[in-house]
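Two complexes follow with subunit A in common, the first pairing it with subunit B and the second with subunit C.
Then we have the complex of A and B:
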């Protein structure tokens, strides 16, 4: 029986490429945001960033499945696309978590605090403008937000973030992997 | 049941899980489930409550656009098992996908530039279009009289 070529190396390579790209984009947006004055709007470049990371993250599976389909002796099914997408998503979660850990702990340890201060000020402005909440409720929300940022710096917080990234990036890459398998199967 | 069908059903299961997670505060799931849902859904959506639908005084976690995408993709996948769709939906699926992405981009970029102010309805509608266009890629799984919808005999 003919053995199919492995997709692990292409998956790691594409996860590295997309992971580095995502990290660079998110750092550029983060630095430009904390360098500006808080607007009090809940929808800004940072929310665009989260939307973009989901969309750009799914490209890793598209690249891997597309490249794998072009290899000799490969006949792709939807299931193959799903598995390749899921594994690529897992590698991508590992790459982005490591890069973010290295940046936040070794290169610029003050980034998380700057981000926290920006977000808290922005939320304060938002509540001031909207007037939707009472003083105590606002304090509670802001307190929870600060606690959330502090937790992200701990090992448990990092592991939790990694777990959530696996689920999120796994799901979007599974879907994009299946669709790419269908498109390439047609060819 | 062939392997492709099993994978499509798995995908439907995942999509239902996403939609249920988004409804966790409305359904009244325990606090830890709501917290978990909110945390992991943040990795696939901005989850801004200003841009989410509200039901019974509680906001969905996913934004209007993502709700549209996952809802219509789920619906499209489920119906593809029971209904024969027009051939054009399969033959022009890349065109449909491109057009739906274009609508999403117009809605987002025009709002950003201040040319157009998008609403929950416009975000939901463009999300529905995008999700449906994704589901078109799985349509040939439906069978009719021993013939797959792409014309090949089973």
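Then we have the complex of A and C:
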């Protein structure tokens, strides 16, 4: 029986490429945001960044499935596309988590604190403008927010982030892998 | 491997091989199971929470102060339980039954979900009850060990808040039957249909029975979204999958699940403070742990003998 070629190496390569790209984009957005003055708006670039990064991550599966479909002896179904997309998404989650860990702990350990300070200031401004909550309630929200940022630095926080990345990037890439397989099969 | 009765590959081969949508399109069974688990989890959370909110809103005459939402939830816990049960029945049981059409023909569904009597049903049900009772101190021990993991303070506070609301409800609620139906009967049936009927079956098709038990059990632990209980819950999930695999029927697992949840409910109903401190603050006495391990192994061995091919023949 003829054996199908493996998609693991292309998946790892594309996850690395896209992972580096996503990390660079998120760092550019983060540094440019924390370098500016807080606007006091509930929704800013940082709010949408995770969502946007997740959507952009779907490129990894598109590249992998497209490349795999061009290999000799491959008959692609949308089920294969879903599996390839999911595996690529998992590799991508590993790559982005490692890169973010390296950046936040070895290259610029002050980044998380700068982000925390920016977000807290921004929320303070937001509450000041809206005036919807009492002083105690605002302190409670800001305290929780600071705690949340501090927890992201712990091992549990990193694992939690990794878990969310697996789900987010896994699902998005599964879907984009299926769609790519469907389009490629038509072609 | 010991001789045993189980639905082996040859049994599955006897089933008409369906060329249904997922198989035609190359979806492996493990992926179908994983996708449905995520959809079912989200769907269940949505239905349960939205219904609970609507019920509470109706109770308050459609006027609520968002700042008092937590205390309102605590006041109307009965409706939270009702919403939860409707979510379980509609998504985990009924929707899973319908969605299984993508992997099995209608005529084969009862067999696919193992909703048949299986073998030695009286003995397997009796032994599964004994196993579940005997294993409780071990679960207590594992609970205690699970708590030693350094969870972040924020997460522990979140779980403690939930626990407080639950204790408060159990001390105020007068109807044990209401709690039993919502915490023991409904989850025992619905979660078994989803996890042992659907997820375990599909993972076993893809990875074999050993990994099928391991993965479906671990997913069962994760699904409860209670990280401080992940190890004992996963172990219970694996045990229930093994009971289903060996007996060829979902019934022993449903009964065992009911005994596990029902026992906790009865204990918590009469001794709420004590029941919730078990496993979190104290270790079980050594002799109880020893007796639990010995009895559990003994009952598991008996279950294995009862469901073995020799016994069946």
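The criterion applied here is as follows: the second predicted complex is superposed on the first by the 185 of 187 C-alpha atoms of A that agree within 3 Å, B and C clash if a C-alpha of one lies under 4 Å from a C-alpha of the other, contacts with A are read in each partner's own complex, and residues count from 1 in each chain.
Definition applied: a contact is a pair of C-beta atoms (placed from the backbone, for glycine too) under 8 Å apart; a residue touches a chain by one contact, two chains touch by 3 or more.
Only a predicted model underlies this, so the values are computations on that prediction, with no experimental measurement involved.
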| item | value |
| --- | --- |
| Fit or clash - subunit C, subunit B, common subunit A | clash |
| Partner chain(s) touched by A:156 [first = subunit B, second = subunit C, both, neither] | second |
| First, second, both or neither for A:54, with subunit B first and subunit C second | first |
| Touching partner for A:179 - first (subunit B), second (subunit C), both, neither | first |
| Touching partner for A:171 - first (subunit B), second (subunit C), both, neither | both |
| Partner chain(s) touched by A:78 [first = subunit B, second = subunit C, both, neither] | both |
| Touched partner set for A:29, first subunit B, second subunit C, both or neither | neither |
| Touched partner set for A:62, first subunit B, second subunit C, both or neither | neither |
| Partner chain(s) touched by A:144 [first = subunit B, second = subunit C, both, neither] | second |
| If touched residues of subunit A are counted for subunit B and for subunit C, the larger one | B |
| Subunit B collision site on subunit C, chosen from 6-14, 42-50, 168-176 or 276-284, when both complexes are overlaid on chain A | 42-50 |
| Subunit A positions touched by subunit B in one structure and by subunit C in the second | 77-79, 82, 167, 171, 174 |
| Subunit A - residues contacting subunit B, complex | 42-43, 47-48, 50-51, 53-54, 77-79, 82, 160, 163-165, 167-169, 171-172, 174-175, 178-179, 182-183 |
| Footprint of subunit C on subunit A - complex, ascending | 77-80, 82-83, 86, 137, 144, 147-148, 151, 154, 156-157, 167, 171, 174 |
| Contact set on subunit B toward subunit A in their complex | 3-4, 6-8, 10-11, 14, 18, 39-51, 73, 94, 112, 134, 137-138 |
| Subunit C residues touching subunit A - in the complex, by the definition given at the top | 22, 24-28, 31, 35, 38, 67, 150-155 |
